Amino acid sequence: MGEIFKQYVIDHFNFWIAVILMMIGLYAMITKNNLIKKLIGMSIFQTAIILFYVSAGVKDGATIPILEHHAVEVEQVEMLAAAAGHSPSEHAASGHESHAINPDDYSNPLPHVLMLTAIVVGVATLGVALAVSQVIYKNYGTLEESEILAKIKAAENDG
Amino acid sequence: MKWVGLIAVLFTGGLLLSAMDDFPKWGDAHSPANASPVSQYYIEKTIEDSGVPNMVTAVLADYRGYDTMFETVVVLIAGIAIMAILRVMNQIPGGARPSPRHEIGDHHDIIIGTTCRLLIPVLQLFALYVIAHGHHSPGGGFQGGVILGASFILTAIAQGLDPALERLPEKSYVKLAFAGVVIYSGFGVMCLLLGENFLDYGVLHVLLPGIDAAEARSHSMLGVEVGVAFTVSAIMFAIYANLASKGELEGGL
Amino acid sequence: MAEQYPILVLLVLLFGALLVGLAGMADRRICFPVTVTALALALAVSLGILQRVINEGVIRYFVAGWSRPVGIGIELRIDTINALVLLTITTVGLLAAVFSFRRVKEDKTEKTPLFYILYLLLIMGLSGMVITGDAFNLYVLLEVSSLTSYALIAMGKSRRAAVAAFSYIIMGTIGASFYLLGVGYLYLRTGTLNMVEIHQAITGLEGVSSAIVVAFVMIIVGLMIKMAFFPLFGWLPNAYSYCPSSTSCVVAPLMTKVGVYVMVRMMLTVFGTEWVFENLQYSQWMVGMAVIAILAGSVMALAQVELKKMFCYIIVAEVGYMVGGAWLANHWGMVGTVYHIMSDAFMTLCMFLAAGIFLKQAGVVRIDQLDGMFRKMPLTMAGFVVGALAMIGIPPTCGFFSKLYLIRGGMESGHWGYVVALLISSLVNAVLFFRIFEIAYFGKKPVEGHGHHADHSERSVIKEARLSALVPLLTTAVIIILLGIFNQDLVDLIERSLKGAEVIGSAVLSGEGGLG
Amino acid sequence: MPEVIQTYTPLWACLSALLAVIPIILLRKESFLREGATFVAGIVMLGFVISMVPEVLSGKVLECMLVQITRDVPIKFRVDGLGLLFALVASTLWIVTSLYSVGYMRGLKEHSQTRFFAFFAVSLTATMGVAFAGNLLTLYLFYEILSLATWPLVTHHQDKEARSGGRKYLTYLLGTSVGFALPALIFCYVKASATGLEFSTAGFLVGSVEGATALVLLLLFTFGFSKAGLMPFHSWLPGAMVAPTPVSALLHAVAVVKVGVFCIIRVFTGVFGLEFLKELDIAIVVSWIAAFTVITSSLIALTQDNLKRRLAFSTIGQLAYIILGVSLLTDRAVMGSMTHIAMHAAGKITLFMCAGAVFVATGKKYISEMDGLGRKMPFTFAAFTIGALSVIGLPPTGGLISKFYLVTGAMDAGQPLLVTVFLVSTLLNAAYLLPIAYRAFFPKDRQLASQPFSWKSTAEAPWACVVPICITAALAIVLFVKPQLLLKLASLMVTGTG
Amino acid sequence: MIWQFDIILLIFLVVTAVISLRVKDLLAASMVFGTYSFLICLLWAGMGAVDVAFTEATVGAGISAVILIATVYNTRRDSSD
């Protein structure tokens, strides 16, 4: 039991939180009556997905994906050496193993990049949706979905 | 509706959680994602390829620069879309619109006004730093652009929308936003014209004497980030200006 | 230059949009020519791409030149299927753009440049989605196209346009987020975003990984929302019927179809048909749902009194055709689906162009307002009739052949319910369109008795559409017939990709019979 | 296998009608030229059709590939005896009907005559396409085009009655073709696409189907081509009688309904093949459906007072003869069916045109009003009598010949009950047709009867109406005297050289 | 990364998310949503995703909250749920 709990929950608790947040956001998107609330739910949903991705790129004991200074210097020294003596291809072939950079030392940068995009997409969507909701408010004088639907129905019956 | 929603949400959540046992352990450095040749390549070769220590910036602006270009386009679209949806175009033909001019600081709190006047230049300077220093530290075009846009928004909040719009009028920020994308895609097209694939910055070293391909990449990334910052800052302000004034670009909050 | 074609399609459209933005804001008159030129260039380039794909096989274009190891950069990957869909997108885009000509002339609004910017970027987003070989890049372009379409729909003059756009935003965002989440699961398990690489990683895994299954389900459900598959279609009818005509003409034919295309791409390239059909036994369920979708769409279409709404429900049914076809798990089902993506794009375009003309010239919203249209605008009706016949499935229009292949697939795989649903939906379409024909032919006040000299008199105020609207409509009609007549060539091209050993390598779709 | 000649003649025959649409529309202001164009096209078409006769008679088959539309199944023309027979009938009668419709339309000052002539030409194109269709797909294509192109003709008057008639017309025709014929077609496509779905004497489905599947398929086809008016899918036919008479005459005595039976004959002879059907032993189902239709429709016809409706029900019965004949599967019965297409066409078109002429001249539609009209319109009713004889199958008309073949064919098949059906229905035919002619000449009303006949008191329809009637009546007699060409063409199909 | 800190953050995260969705005053909801964004940005910073955290701090906690407030200001502050 404990083993299973560990396997399912402890080892992945970040994913759990991400999924819970997703469910909260999704539930708000589907069931909230107020349009602004729906949008807050949407933002929570999106940040939860971002949390999921970022969690996927975490490595225990790794640092931020910016090369430390000494590593850069080692690298540059190597490159200078390469420029002076060896041809770059030779360097690439020989220098690979002796690299000062160990991939395990740095977080996986790819999810971060992807999520930068996702954040920007999220705010863009939020902006557009807010603009639309302002138009809705101008047209119907309310932001409650049920009231809007009632007004639409009333207008349909009149026309 | 609530029950349908609840069931749908629980179903989705259950589905998502059902795969947890198949996931690599959280923080596992050897999970498929973290140990894939792709992400290892980024970590190992960024310096070699472009000399940029911030891998995120390198991946963002170079390896996956194509994504980032469209991301900039997304920002541009958001601005254009909000203008298209919300902007009230009630120009009187042949004449300037009669706008109630606010004096700077008019009916706004003096403390806020003064604080902002002090804060905004610092904020803008910091924005430029973030843009420029994105190669070496967290930051880059997006973050810097947002901060820059935020400085204008702060102006609008502190002093009213009209003074802010006087500094950055609608025509200008629209042009700025487009200019950003032009800069970004322009770098790509330059590479095309020099006979390489789109956004292959390495070839640009022929234009800049005295540097090699890696340095050309590094510099091009900076250029591209500047483009991103242009668009993002302009659009962030545009979004705020339109949303705060119901598209009339007058009055504001 | 030929090797740069894939990126050129997008660049032409992007720079068109930028030019409209920078110069068109000052002078509205240049918006239309720039848009049409950009789209025409994009069409030309996509023709070039098709040519290259036919001659050279799959095109792989590595943006920024990052080709090794595969997946560090972004790859554009074009086989014959995407080349054809790309061609469809640019063609529809061009035709619908020509149709929008009067927007510049008559709508004296400052928003015209904004409309064209969004329009071009929408086409760019869709084209980009189609040609990309990277799962995440697809998401970014999906958002490009979604955001533009939200805005284009919200620009509608109707009060309800904004409400429709809002629910579209909510549903669209859920769909896109599900897709993103699915890609996240894939990435977590495979470590790459390149479609081909993902496929190789999946085939390399032992057994059926539950994470991959969840990823697949999330992606498919997300796409189903985007393509308005049956239970998830609620946003579509309002969104497509309250938006401006020039918007509905491009959004309605393309958005759902590109959604279906992405699903097909996922099934073919990312997950691989063997994995999808052999490891997951979803085929029966999906085809069953498609049957419900077809029947429900048809029945709801019957109940509509508004023209555009009716077309919208027909779209729902047509999406059912395509999803069902793709899940028949055999060669002809898949061929039919891809072929139907193209033919349905043009049929829908024809319908919405005609609806736009009716609305503009005669203020027609409801079907019963169409009385006497054959006399009032014969050319428009001629184009409309061709589209309608294709919807019903009368040879030699393309609608007949897509149904032929889909039904063939259904028969070969023994999904008789699907076959029957297709036929019922054809009959319903026949009823729907002949109801319209009858109203348009007879008019409300029938000419009683004989000896009525009405030949050349009785020209009411309603006139034939302008050239800028007629040309796209009639061109679409011609394309519908040409697609039908040359369907064999198209099928050959589609099959070439289905047999492409590189990615699919499966007996499932190679034409050597289905799974039984 | 018969010798195959590649030629474009069938295409030209088809196109000659289609191309006539252009001058018809261009010359819409000049009615004489417009109708002239129709005539020229008709004569050109007939010329092309006749030019193919010698080669077909010599046992060759003409083929014309149009477009390779799917991998195995092209759109192609293929002219054999049956197709040519039908094409001959249709193109000859088109000329006659064109002449008649000029008189009719002008006589009644109908509206939208240009549209009328244009769609008439399109319908003829489609009919030719069906006649020359080389495979099932081509057949279906032109079948559908014909349904659609005739709809504006049926609903020509654009009034309430036309609307309901037209609705019924399309509902039945499209409903059955999409609902039954299309699935059957696709089933064939799935089962036997390697054969190209091409009609051949052996039948391309040989060996691909069996048992219940074959029966279902056969029934799908038989009901799917509901232009043949087989019960229970017949009621569009009386409904479509709202059309102007030339339309009824050509399309509902000749083109449309005959396309229906033609398609069914094609299914029997070309898709399944007579031998294969004998082996399957399923055609008898169709026989009984047809027999039921024959008797029922004749009985209904007896009760109709509207002349055109009575003729329509008569048509349903006669079409069922043809289907009955072919479903008997014996050589003579099949030959009888094929020749009956022509014989019945000549007779029935005469009857319809007579009905139209009466309407033009007197405005009368109902049989009860026609007492003594024979004295006013002697030519018309003389022709009517000949037409009636032909439909009944009495000498000296062509109807006798085909009926003779049908009855002997039924005997060959060893179905005495069906022979009885033929004979009973002949009696019924006589019962509903002859009294009309009789009362027209010998009215019950004493006063009318006692009036002496004089040429001065005649009031015929315009000459353009009467002349075609006389031509078709003469044709019915000519077919009795010289049926050899038709018999030869029909025999090509059953002797296996087609 | 200190796991206690992590847990506290995650709990707060869920709590703020729920609060921002439960509170009936939309202005307050926007503010709480800003807090939520800030917390999640802290979490990401802790995970080593500094660029993402930076962006979220500026975009999520900054711009998103501001435009939400701007909309609330221009429409209505109270909501039914």
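Per-chain numbering from 1; labels A, B, C, D and E assigned in written order.
The criterion applied here is as follows: a residue touches a chain if its C-beta (ideal position, glycine included) is under 8 Å from a C-beta of that chain, and two chains touch if they have at least 3 such contacts.
Just so it is clear, the model here is predicted, and its values are computed rather than measured.
Here the chain-to-chain distance from chain B to chain C, counted in touching steps, is 1. Distances between chain centres, each the mean of the C-alpha atoms, put E farthest from chain D.
When each chain is reduced to the mean of its CA atoms, the one lying nearest the mean of all protein CA atoms is C. Interface comparison, C-D versus A-C: the higher number of contacting C-beta pairs is recorded for C-D.
Per-chain Cα centroids separate chain A from chain C by 29 Å. Chain A and chain B have Cα centroids separated by 15 Å. A separation of 38 Å divides the Cα centre of chain C from that of chain E. Note on chain placement: the centre of chain B and the centre of chain E lie 20 Å apart, centres being C-alpha means.
Residues of chain C in contact with two or more other chains: 136, 140, 143, 147, 150-151, 154, 162, 165, 181, 187-188, 193.
In chain A, the positions touching at least two other chains are 13-14, 20, 22, 26, 55-59, 62, 64-66, 110-114, 116-117, 120-121, 123-125, 127-128, 130-135. Residues of chain B found to touch two or more other chains are 16, 21, 23, 31, 33-35, 38-39, 42, 54, 56, 60, 64, 67, 71, 74, 77-78, 81-82, 85, 138, 142, 239, 243, 246.
Looking at which chains touch one another, you get A-B, A-C, A-E, B-C, B-E, C-D. The part of chain E that touches chain B in the complex is made up of residues 50-51, 53-55, 58-59, 62-63, 66-67, 70-71, 73-74. Looking at the complex, you find that chain C touches chain D at residues 389, 392-396, 401, 404, 407-408, 411-412, 419, 423, 426-427, 430-431, 434, 437-438, 441-443, 446-455, 484-485, 487-488, 491-492.
Touching chain E in their complex are the following residues of chain B: 54, 56-57, 60, 138-140, 142-143, 146-147, 149-150, 153, 157, 236, 239-240, 243-246, 253.
Across the complex, chain A meets chain B through its residues 7-9, 11-16, 19-20, 22-23, 26-27, 30-31, 55-62, 64-67, 69, 71-72, 75-76, 79, 92, 99, 101, 103-104, 106, 108-114, 116-117, 120-121, 123-125, 127-128, 130-132, 134-135, 138.
Put simply, chain B touches chain C in their complex at residues 15-16, 18-19, 21-24, 31-39, 41-42, 62-67, 70-71, 73-74, 76-78, 80-85, 87, 89, 91, 171, 174-175, 177-179, 181-182, 185, 188-189, 191-192, 196-202.
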